[in-house]
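Both of the next two complexes hold chain A, though its partner changes from chain B to chain C.
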Partner chain A sequence: MIELLQITKKFPNQTTPAVDLLSLSIPAGEICVLVGPSGCGKSTTLRMINRMIEPTSGIIKINGEDVKNTNSDQLRMGIGYVIQQIGLLPHRTIAENIAIVPRLYKWPKDKIKKRVEELIVMMGLDLEKTWGKYPSQLSGGQMQRVGVARAMAVDPPIMLMDEPFGAVDPIARTHLQDEFLRLQKEIKKTIVFVTHDINEAIKMGDKIAIFDAGKLVQFGTPEEILTNPINDFVENFIGHDRVVKKLNLFHVEEAMQPVGCMVRENELHSAAVKMKAVGAEVAFLLNETGKTYGHITLTDFKDCQDNIESLRKMVQRTKKAFVQTSTSLPDALSLLLEYDVDYLGILKGEKLLGMLSFKDIRKHVYRKEGD
Partner chain B sequence: MTWENFRFALFEKAPGALQEHSLIVLITITLAILISVPLGVFLTRPKFKRFGMVTLNLLNVLQAIPGLAIIALALPILGLGMKPAVLALLFQSLLPIVRNTIAGLLGVSPDVKEAASGMGMSQRRILIEVEIPLALPIILSGIRTATVYVVSMGTLAALIGAGGFGNLIMGGLSLFRPEYLIVGAGLGAIMAIFLDRVLGYVEYRITPPGMWIE
Partner chain C sequence: MDFINFLTNNTGTIVEYTGNHFTLVLQAVSVSLVIWVPVGLLLTKSDKWAARVLSLANTIFCIPSLSMFAILVAIPGFGLGRKSALFALVLYAMMPLIRNVHVGVKSVDRNVIEAAKGMGMSTGRIMREILLPLGMPIIFAGFRITVVMTTGIAAIATYIGERNLGRFISEGLVRSNTPMMVTGALIISVIAIGLDSILGAIEKRIVPRGLRI
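Up next is the complex of A and B:
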């Protein structure tokens, strides 16, 4: 756990402090994102945690211990540090770059070698090809992976990341974010993550701290911040599409409703009767093997005037309208629009677990909003 | 111009002159490196950075003083021979090395230094393992410039009895023997070019691989 108590940092020749009486407590094992416009003091705050910058006043404690009690080099060796510019040593190979901190700890050679290999593989890089290369021979995304691997070399419990994915292209960034989140589920480090991108903050953060002009404006989970922005600044910073952004926090399985009616393929003509009997708007169809392959709604029956051929065509149209439970709500919404259907079948593997309509999404967001 | 004079200059006089000249160059450059590189390092440390401009200007002035004047000034104190010669040449060779050391060290990317320090490398370690290796090619190119200077200016050392190729040139002038002149000046030029090439090669070899592979 990292605690910042009444931290102020005033740089010489500046009238207003870069960080102004900031108090913040960062829980262990979570990603805490510091986010805000440029010059809001988020990077300064991050750099004070490992004493790259010394605060003018205030106390920073890591697990109850004042950071000032530790020699700054020793302190930094024990904290992973990733910066946007990566800062790989250009005259050292990738393996040597990753080995820097283990070497500072004077690990035996074979232990370093084993750890470096493990990290290169963990970062999804090709061991044989990457090992002996120099940083200038790698792509931006690969360099960033090496930067993260280097910071994790001695498995430090805390990592500080200053816009770590800021310098790579959007596709590589999404990829790196996803991988890092998956990795974090296993390694459960305490991570302080700085970004100016609110979308990245919502995606990466267990907690988000929004900064403005050296002050902490709001601190909470992404959901809390999206649901109840504390003031106009936060609301503007999140943007007018905050409800759409909020969809990112949910997966389809949370918003879906159970399937009310299932009919066999050969019972298609009588589906309307069955639906009316159970009070359902929609029926999912099963083929002979029991696999769901589409759906039909009462409105379809009305439109087709019970003509079985046009009904079949309607069902064919919905063949693709299935998603897995782990799909995010924005993706589901997009697919609803793309396939031009009213319902999506929600699958777990092959099994139909539920269904999702526009109404379900609206209801889900509305319910959350009201909480 | 006779072949006999030419032969005498080349085979009887030149070997000794080469030896003396090489010794002067070697001593001067070694001293210059020992003074200039640490000086350059000091002047890039945050504590001493403010002395950078003053020192460089001072060295500029030193370099601007003609070598002959320094020899004349040093003569009463250091007497004749190699000592005043080395001193004069030293003054000429400090500037390029100090300037390049400073340029090389300041040229190391701040991101690399930031990352190194953020990982817990001490300032000393960063200097030795990061800054100097990365600045080395530029420092070496300063040493190369200084070496070529010293080789050519070294001919003046003969004026105060330090020997070297200057002896042949002076001798050729006073005895009206152009053969001596050609041999002295020619060998001096060849030595300068040779050392320049050798140091150029060393510079290329010493450049960390990661920095020339694009």
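Up next is the complex of A and C:
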């Protein structure tokens, strides 16, 4: 746990403080994203945690211990640090770069070698090909991975990341973010993450701290911030698509409803009767092997005037309209529009667990909004 | 023929003068390295002082060498001889050495230093493992200039009593002794070009491998 108590940083020759009486408590094992426009003091705050910058006043505690009580080099050795420009040593190989902090800790050579190999593999890099290369021979995305690996070399409990994925192209960035989130589920580090991109903040953060002009404006989970922006600044910073962004926080399994009616392929003609009997609007179809392959709605029956051939065509049209439970709501919404259907079947593996309509998405968001 | 005769008849003197020339250059370069490299490194800590010292070095560098020797000789305690010669050469070496050490270290990517510091590397370690190796190509270029320049200016120190290869030139001029003059000029040139070539070859190898790829 990292605690910042009444931190102020005033740089010489500046009239207003870069960070102004900031208090923030970052829980262990979570990603806390500091986000705000440039010059809002988020990077300065990050750099005060490992004493790259000394605060003018205030106390920073890590696990209850004032950071000033530890020698600054010792302190930094125990905290992973990743910066946007990565800063790999150009005259050292990738393996040597990753081994920097273990060497500072004077680990034995074979232990270092083992750890470096482990990290290169963990970062999804080719061990044989990457090991002996120099930084200039890697792509931006690969260098960024090496940067993260280097910061994790001695498995520090805390990592500070200053726009770590800022310098790579959008596709590589999404990829790195996803991988890092997956990794974080296992390693459970306490991470302070700086970005100016609110979307990245919403995606990466367990908690988000929004900064403006050296002050903490709002602190909370992404959901809290998207649901109740505290003032106009936060609302503007999040953007007008606040509610759409909020969809990012949910997966289809949270918004879906149970399937009311299932019919076999050969019962298609009588599906309408069955639906009415159970009060359902839609029925999912099973083939001979018990696999769902599409759905049909009461409206379809009206449109086709019970013509069985047209009904089959309607069902065929929906055969792609299935997603897995882990799909995010924006993706599901996009698919509803793309396939021009009213329902999506929600699968876990091959098994139909539920279904999702526009109405369900609206209801889910509305319910969350009302909380 | 005169030239060959001169060489064979004065072998002893040539060896002595060449030896003196070398020792003066060696002493001057060694002392310069010991003094100016640390000063250059120290100046990377303060831009204000770096500007001041560099402009002083530039001013000294502008003083013509004959004037410099004359001034030093006039200062009590220096007088004619090695002390003044050495002092002047070390002053001349100030500019190329300090400037190149300063530029070399300053040219190292700030992000690399930031990352190293953030990982807990001490200032000394950053200097040894990052600033020096990465700044080395530029620092070494300054060293190379210093060696060649010192070899040349050392010849002029003959006017303040140094018995070195410059003496062949100055005496040759006075006595209108062409072979003597040519001998001095040739040997000094060969030494300067030779040293520069050797250092040039070393310079190529001194670039860290990761920067050459």
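Keep in mind that, in the parts below, the second predicted complex is superposed on the first by the 371 of 371 C-alpha atoms of A that agree within 3 Å, B and C clash if a C-alpha of one lies under 4 Å from a C-alpha of the other, contacts with A are read in each partner's own complex, and residues count from 1 in each chain.
Assume a contact is a pair of C-beta atoms (placed from the backbone, for glycine too) under 8 Å apart; a residue touches a chain by one contact, two chains touch by 3 or more.
None of these values were measured; they are calculated from a predicted model.
Participant: In the superposition on chain A, see if there is space for chain B and chain C together, and answer fit or clash.
Facilitator: On the shared chain A, the partners clash.
Participant: Once the shared chain is lined up, is A:Lys185 touching chain B (first), chain C (second), both, or neither of them?
Facilitator: In the superposition, A:Lys185 contacts neither chain B nor chain C.
Participant: Between chain B and chain C, whom does A:Lys106 touch in the aligned arrangement: first, second, both, or neither?
Facilitator: Neither partner.
Participant: Look at A:Ile86 in the shared chain and tell me whether it touches chain B only, chain C only, both, or neither; answer first, second, both or neither.
Facilitator: In the superposed model, A:Ile86 contacts both chain B and chain C.
Participant: Based on the superposed arrangement, let me know which partner A:Ser136 touches: chain B (first), chain C (second), both, or neither?
Facilitator: It touches chain B and chain C both.
Participant: A:Arg76 in the overlay: touching chain B, chain C, both, or neither? Say first, second, both or neither.
Facilitator: Both partners.
Participant: Kindly classify A:His240 by the partners it touches after superposition: chain B alone (first), chain C alone (second), both, or neither?
Facilitator: After superposition on chain A, A:His240 lies in contact with neither partner.
Participant: State whether A:Met52 touches chain B only (first), chain C only (second), both chains, or neither.
Facilitator: Both: A:Met52 reaches chain B and chain C.
Participant: Which residues form the common part of the chain A surface touched by chain B and by chain C?
Facilitator: Of chain A, residues 50, 52, 73-78, 81, 83, 85-93, 100-101, 104, 134-137, 147, 150-151, 160 contact chain B in one complex and chain C in the other.
Participant: Quick check on the complex: what are the chain A residues that touch chain B?
Facilitator: It is residues 50, 52, 73-78, 81, 83, 85-93, 100-101, 104, 134-137, 147, 150-151, 160 of chain A that touch chain B.
Participant: Going by the contact rule set out above, which residues of chain B touch chain A in the complex?
Facilitator: 109, 111-122, 130, 133-134, 208-211, 213-214
Participant: Where on chain A does chain C make contact in their complex?
Facilitator: Those in contact with chain C are residues 50, 52, 73-78, 81, 83, 85-93, 100-101, 104, 134-137, 147, 150-151, 160.
Participant: Residue numbers of chain C touching chain A in their complex, please.
Facilitator: 109, 111-122, 125, 129-130, 133-134, 208-211, 213
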